[in-house]
């Protein structure tokens, strides 16, 4: 049962992400992305990371997607007039390259690590994550705070109306 | 966290708090002049440099950051570079009105990113450091949103840097898959099973190769060099690249010796294609910023010649070359920044005709920087090339050394071409906007060039005693 | 003490850098004091070395820094202070200091003081570097630095075309020697793969047989370098003209330091020279000829400074003579005493000339009269020392030592006779100058009081010109022979003939200066009545060397060209007409075939290849974001593909 | 229990899909979405590996990834908006101001 749910969710993720390739309407694309990200949250949950599953839903689906949709509306984008990528001339080389890349990764991953003996999923509790985050990774948290501050300043500057 | 940790973290704390201080000063009700803000920024950077002197013994915090001679040297270099860039920006006409607390704090933050990246011992720290380094750059490149070029450069850089970051991150996660830890030293410990660490390092190399503008990840660099304001170009063409190089050297040469040795043929190929592509692209280029971008691609190729040697001399040569490279490019772009017109940089080579005669100090500085880039004694560029090619010869890579020397010869053509135009007799030049040369610019140009000469005369100061 | 060695050349060079970089902010007084302090610092360091017993200890060595270490190739800036260099360093820094002090007053009125002090300091630093270098590369660097500075200092008043051309002449003439020296150094490096002096000496004595051809060639090359710098025949022509520079410069460069660099070089490289007796004999012979040349030319000069210049040439001839006879210690001894009395003479001459509105002619200077008593005394001391008045002057002791050791060398008797003759002539010309200069000094009223700063150096030099000889009494005398015993370790002992012979020789040699002074007195009395020496024009022009060079080299060249032109016209007219035509056809063929076909096409091919590559790559830089991303992806595929493969 | 390699392969697929989106789509917003997909592929790898090694580092890594993505995306979006406003386009192939000038050719 567990396996079936996992592979099904994975299939949904991949299919939703693949749909972004071919849809015309940006809003549709954004919605597909949301689907992919939500499915990914489920995958996280299934892989024993409940905290991250929750965070994924909140941050991506909640916050980032809203940004996307907001921008699409502000720019008032119509369904694109561009030809579908599979019909345009230059699609073969990128697709081929991406396929090769994936195959390479696949081959390289093959049988690299011994699979663990026990067959159960160990849930990694949010508490453990928190302790790790504010224990050894404290400095990185501080650095991330600076990163967000820098991004904030940058965005504020670039979006200032007065100058334009 | 102990007292010694705090002392060692001094430069980082100073930079972070300094950035916030500059921001705070900028929004005070009473108007604080840009000059004051710049002064505060420079003081913060000087304090940060001073704080590195407190590092006595090599020290490591929780496997996250490491403080040793290598990181100290390059942290000081980054701080110095940031000071120079701040001074240049203050007198850089196009951004003069746009330069307030945001700009200065972003400079400080991006410096913090470099400093973290240089001294990180942990891949997560490295990733976050890399992002702190590059996120402010997105904005700094597009700092003049009135100019279409700038916006285009900004968006291109943001997108492509995102891809590079994704590759870097993917490499990080694969390293984690390999060893269950994100520490660099741990990565080397479980090396026995397969070549997962090698794949991880390769993907990290893609991410870093983008930042370094290594062929074939170099395509962005001329466009962005052209788009960005010259001081910002100087920033990411010199010290940012040096920071990335040092992390690469720390990763490959200091911690993952076996992977390094396995990677040597790959580094060999990358070196050759980078040198050829960079020099060929630069050869007939007429836009000086693009030309310098291409030339720095070739220089990354020379550094990879040293890395491809795979011996300790190669490592030292790469370290020395990184330092020299940062200084030389800083010198060249500082002159470009100093000669900017009121609203944009001079781009075409023809716009520089005769300027070397008009501004003798800048002319001499440009000559020193370019001759150093071309690799003439007694500059640091000569010693760097000597060490790099010497290490290749020592490792038995004669063909590589010969290719490198041929490339140096090709490169000589375009460096001299710039200089000839720079010092050409000027034609009728009336009504030309003449840039008044401020003392700060001159001083920083002089400091950089005396360092180039000084390190060429005393290279032993740098090349001794790396772990 | 080892750690302070760098200060000796370092202090003047640093001060020179400060003067050239920041001199704009400084006044004359500051620059002069700074420069003098730098010289003083160098001298004090040397003094400190003496006090610390450097004279008796092992050679001091300091590697200031290794420039860069690549494999086995480690060019270093290393300094070495052994006894030879200790002698040189003491003289150079000491006399240099005195001349710096003298210059403070001498140059006070000149506007170009900044340039002057820059080059003076740089010169001093270069000379000290030359002397202290522990490898030939550094020595050569100092050698060139000294040459460059002397060029700049001789032509210091470059607005006067004559003076400027004198600088050029000095530079070009010494360049000929420098070239030869460089070739010699290359030869040594190619043979032994090192330039470090101690290593080199070991290698030379181990690997080269005595009389080997290679050794002879190398030694000759180095000797030619020394000849150029030390103004020996046939490269002596630059020195008399070099008097165009300011007098302190003449004293520094052409009496105490630069011209003795050649002597130092040969003394330093003596293990090499000892392998090749032939070259050594050449050194002695050149020295002997130069003695006569210089002395006789000085006899006929009327320009005060030219007298001294020719005298310098001849005195350095004595040093070369001593070097050639293996008496290195005495060569250095004479170098020291010569530095003292010749600097004294130059500085006195400079003061006299300056006090009399830059009048150089000794007759007119003499008839002006009115030289101060001090000048009179100083010049007399210098002249006596130069002539070698027995017992009381330093010049006597050093010259006597050389003469005694010349006798037992090969063809020594002949050389001795020449040298003794030289002594006589020396005495004649210098006392002639003296009598002419001070003939009217009875009516001495000091017209322009000499600056105090100029007096002290003169006084010290005068004292040294008298007393410096007492460190080495001639062979067979009941006095100490400190000098030769002290330098024994470096050079070994010089031989001297049996004592009976020695005493006879010494008696003759000590009578000659007195005789010369007497002859000079008579000569001057007759000269006042209009008498002129036979051959005086010939002598005055330095044996017509300049003219000969002009005729032989320049004229010969033109003759040759003319000759060729004549032959050419004959041949073309007569019989080569047809061949020319054939040649033309051939040339045309070559041009079309080779030049256009191979050269042009090859070069164009290369160029268009580069252009093609540029264009191809440049087209890829099309600004398309997706294309750039594609490239990144391709790169990743390539890198990962490597691991699969 | 899912073998680690299966998760890795799915993650690699997501990563390459994201890359493919970037390479094929010309709309700037689509490119950004592709970037998100790439990042999430990496995140899935990290979570799967965290499960394999049963330690929290994978999740910590993912949290930082989220933070970084948010920061980067914010700036990227504002730049897209600027492009739209100043250059009146949302397509990547209209951004051709910066490129090598190949018409003039070498001198």
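The chains carry the letters A, B, C and D, assigned in the order they are written, with residues numbered from 1 in each.
Here is the rule we use: a residue touches a chain if its C-beta (ideal position, glycine included) is under 8 Å from a C-beta of that chain, and two chains touch if they have at least 3 such contacts.
Computed from a predicted structure; not experimentally measured.
Chain centres defined as mean CA positions place B nearest to the mean of all protein CA atoms.
When the interfaces A-C and B-C are ranked by C-beta pairs in contact, the top one is B-C.
One simple way to say how far apart two chains are is to compare their mean CA positions; for subunit A and subunit C this gives 79 Å.
For this pair, subunit B with subunit C, the centres built from the Cα atoms lie 49 Å apart.
Averaged Cα coordinates give subunit B a centre that lies 24 Å from the centre of subunit D. The mean-CA centres of subunit A and subunit B are about 31 angstrom from one another, to the nearest whole unit.
Multi-chain contact residues of subunit D (touching two or more other chains) are listed as 4, 8, 15, 18-19, 22-26, 31-32, 43, 48, 50, 52, 55, 57-58, 60, 64, 68, 71-72, 75, 79-80, 82, 92, 95, 97-100, 105-106. The residues of subunit C that reach two or more other chains are 611, 614, 618, 621, 623, 625-626, 629-630, 633-634, 636, 640, 643, listed in rising order.
Shared interface positions of subunit B, defined as residues touching 2 or more other chains, are 124, 128, 131, 135, 138-139, 142, 145-146, 156, 159, 163, 177, 195, 199, 222-223, 281, 283-284.
Taken together, the subunit B residues at the contact with subunit C in this complex read 156, 159-160, 163-164, 167, 195, 198-199, 202-203, 205-206, 209-210, 215-217, 219-220, 222-223, 265-266, 276-277, 280-281, 283-284, 313, 383, 386-387, 390, 394, 410, 457-460, 463. Interface residues of subunit D facing subunit B in the complex, by the touch rule stated above, are 4, 8, 15, 18-19, 22, 28, 31-32, 35, 38-39, 41-43, 45-46, 48-50, 52-53, 55, 57-58, 60-61, 64-65, 68, 71-72, 75-76, 79-80, 82-83, 86-87, 92, 95, 97-101, 104-107.
Contacts from subunit A toward subunit B in the complex involve residues 105, 108, 111-114, 136-140, 142-144, 146-147, 149-151, 153-158, 163-164.
The touching residues of subunit C, counted against subunit A in their complex, run 626, 630, 633-634, 636-637, 640-641, 643-644. Of all the residues in subunit C, the ones that touch subunit D in their complex are 611, 614-615, 618-619, 621-626, 629-630, 633.
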